[in-house]
Amino acid sequence: MNQIFSTDSIPPAGLTPEGDLRRVRSNPDFWYPVAWSRELKVGKTIGTRYAGQPIALVRPAEGEVFALEDRCAHRQVPLSKGVVKGQAVQCCYHGWAYGRSGRCIDVPYLGKGKLPNGVRTYPCREQDGLIFVFPGDPERAAATPLPRLAQTTNPDYKTRRFGRHVKCHYSFMHENLMDMNHQFMHMKQMGQMKPRFLGQDRGPGMIEARYTFARTGGKQPLGEALVFGQKRDNSAKYAHRDVMTIRTEYPYQTLKIQAEGTPPVMDLWIVYVPQDAEEMTNRVFGLLSIKRPRVPGLLDMAWPFLVAFTERIFSEDREIVELEQAAWDELGGDHNQEVFPVIRSLRELLAECGIPAARS
Amino acid sequence: MNQIFSTDSIPPAGLTPEGDLRRVRSNPDFWYPVAWSRELKVGKTIGTRYAGQPIALVRPAEGEVFALEDRCAHRQVPLSKGVVKGQAVQCCYHGWAYGRSGRCIDVPYLGKGKLPNGVRTYPCREQDGLIFVFPGDPERAAATPLPRLAQTTNPDYKTRRFGRHVKCHYSFMHENLMDMNHQFMHMKQMGQMKPRFLGQDRGPGMIEARYTFARTGGKQPLGEALVFGQKRDNSAKYAHRDVMTIRTEYPYQTLKIQAEGTPPVMDLWIVYVPQDAEEMTNRVFGLLSIKRPRVPGLLDMAWPFLVAFTERIFSEDREIVELEQAAWDELGGDHNQEVFPVIRSLRELLAECGIPAARS
Amino acid sequence: MNQIFSTDSIPPAGLTPEGDLRRVRSNPDFWYPVAWSRELKVGKTIGTRYAGQPIALVRPAEGEVFALEDRCAHRQVPLSKGVVKGQAVQCCYHGWAYGRSGRCIDVPYLGKGKLPNGVRTYPCREQDGLIFVFPGDPERAAATPLPRLAQTTNPDYKTRRFGRHVKCHYSFMHENLMDMNHQFMHMKQMGQMKPRFLGQDRGPGMIEARYTFARTGGKQPLGEALVFGQKRDNSAKYAHRDVMTIRTEYPYQTLKIQAEGTPPVMDLWIVYVPQDAEEMTNRVFGLLSIKRPRVPGLLDMAWPFLVAFTERIFSEDREIVELEQAAWDELGGDHNQEVFPVIRSLRELLAECGIPAARS
């Protein structure tokens, strides 16, 4: 790997100019997915979370999904345990009903007088199998675009939807994906792959890193061959042909693999949605689009192997970021000693775009 | 339901004049059950709790049950792990022995000199299958009456003893039982029952709410039919005939169903004994007396169905109050927005009769 | 039991002159075992702990075991998840490598410039199947002797290695073993054994208590007969013949049983290594040497019974010390009311030799 950086000045361990990165809260003024569309059946409600805020998603028999604070104004029990009735959801406990706007529209046993306060509502949109909410200032929702979701709408690709809960701050996830030197960890799955860092781009709210790879040992795994649509050998001819571009476009992340002048063979979109109020856990929503090879049906046939392969990779990644979080918990702060400039830039970006934790 | 109240002036959310109700401690100057008689065999000792205080109950071969602080004065291990010997209990670790009064009466290996300090003792009484202690000022115990325990001693009734641990402050339990508008939650078990609130009474240390019911949908469940001793139809003839009276007589609660001028068909006595020091968990002791119908043996035969029916109801109640507690924990305080005057009065009563949490 | 002490002046409950004994930290300027040799295979690394410090033990293919701080300097993930390569361990995540000295000797993708900081190293020794580290001032390690490990090297004895995690402060373990009046607790396993306290010795960093025993009831258990190499009866002839000597030689503890002028029939060496930073849990490492009887093979044949017997004893001890710790947790401090002078001395010794907890 040709190095294009030196470590003459390693910055103070762990800190960004904004302080401890793991205490930086995610910026709520973006669209965050909080559920897969298939999780929410017609006429039902489910409970989900963003950064400690419980959110009830409601899918009425007619009309679009809506999102309310998941606590009845009466006794704070989850509305998502309730019953959907027309364009409203009725709390399971005493039957208080709330409309799409969050206003309380009925208390079944109430006498004369004004209705009690309602609950908070969240701007909500559904796209390509994901349900998004806008947890920040609702006035900004309309002007904030939804992200492009990999190749979900492109028939040339097959897309895998995946995700799970990971017990770490979202920043560990961004760093994990962008620092391809961690290929070392996936050696058992991938064989020995030597990354070459090509360079980085930095813009407002985004950072991008580009790599190529050469196989230096081991056999190409089936999963990888599937991604590239062909079996590649170890010769110099193929080494460093495909460029991997990893980009954090706050708060989302993408990873694309493509040879010059051709469409990507792989296009990943992924986001890490904080779950608890401290944001020390996150739920991953990932869309992995793979270009269909010329032979029809081949990708579908091979799909189970590809799923298993990516699961193993993801499982190794999850273990290591949870160990990073556990070390942070024990040490009571970030002691990261970063030597890789693109990761230092990424850390600054995440700190700038996020919300500094309130000093206590 | 005829409403006899308005909500023109909903009080500030969550607060009673004494502050956050969920921080009000139970008043120890009452008799609290801490175990069922059948749990404590002759010649044995068991450990139990009241509001974070560990209590060893001891049943000697002769004489009445007694109750000691469940921590040996030597090394604070539970005396309830020990051995009953005559009128004393001997710690399992080094054999220190304590009498009925809590005094240390023997240290097997002790030389000359005074015996060490003993442990606290609790006034203790056993009645109708329950073991009560008086955790407050012992001087008040004798003058404080034991409560009347449903119809346990009346041969016209069959009584079910039930209980379990519930993870919430005891006040949620009182509110749950007294607000019959939560019939909405039991719709699956009970069918649609419309409660009509008849009125309330308030006295020193007590509050009472009265309701009637009319079935507006669904079939009468078997369990309910058993309670009423006959199958009732949906006609106006039977609607609103039986009056349900729910009473908190601090710290106990009762629920009776009876038609005017007749003995109750159902008579429930229940109490919620705080377990941990913060009183955010409680153990329920309930006695449910059902009047025997004229056909002998019918109630005994039907008993398993009635048990299953009441278990399902209780299980729904437990789930919801634990969700209330979980919401309180997350919000760090009570945000209850109560519109029902009888529940507002109940909350005031519980706050008045309890012990305000020390300001920290 | 002849008492040679009085309790006219029981000291204030729970406190040593240094304060709460359970807040006294173990003194790191000693050799502590952190693993059994057999746990660490050639060419592998494992993670272990001393008082909240994670320690990676590394056994290279050639050369001695070494011990490093178990956190990569880069992202603080455990080095013990890494790969041993020559005389170095390589972090599993990005492949940073550390030598025996803890210095970072390679970052595979690093450009020009100085290598980043390394990690802490611990003096490390292996003896008789145990791996020791010296967590204190490394300059003192060479001059601090390793303890004598029971009779592990004496062919006249067979030695059992045992241990497990116990959820309590190490001081409860010392007190448990030294106060033989707790034979009361093992009555089911041992029958009634009456201890007689013969006296104590106190020196710098050490305290010793001596007892004899007489059987006052029950049959001699098989395990005990094995230890003594013969079946002893209850007659006065054998009572009080064997002397049990229990010694805390900080931070280790030993227990020997021997008749005057003969080698010990049993020789136990044991240590309680704090695991968490608060030192409220410990890992036991014990070596129990039993003198082989004259009949060859007898001890080996009987070994499984002896193992089961000692496991039952140890299991009772573990339960009780964990109950002591639980009571300490609940009470928020030590309320021990000690009447036995040798235990009072032991408590002073542990407080003197340990490190007072920082006042917070």
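Observations, loosely collected:
Should a chain be cited, it is by its letter among A, B and C, assigned in written order, with residues numbered from 1 in that chain.
In the analysis below, contacts are C-beta pairs under 8 Å (C-beta built on N, C-alpha and C of every residue); 3 or more make two chains touch, one makes a residue touch a chain.
As the structure is a computational prediction, the values presented were derived from the model and not from experiment.
Although chain A and chain C share one sequence, what matters here is the overlap of their interface residues, and that overlap falls short of half of the numbers used. On superposing C-alpha atoms, the copy chain B sits rotated by 120° relative to chain C, to the nearest 5. Our note on geometry: chain A versus chain C, Cα centroid distance of 47 Å, whole angstroms.
Contact with two or more other chains is made by no residue of chain B. Residue ranges on chain C touching chain B, taken from their complex, read 1, 3-8, 10, 179, 181-182, 184-185, 195, 197, 320, 323-324, 327-328, 330-331, 335-340. Put simply, chain C touches chain A in their complex at residues 52, 54, 71, 73-78, 81, 92-95, 107-117.
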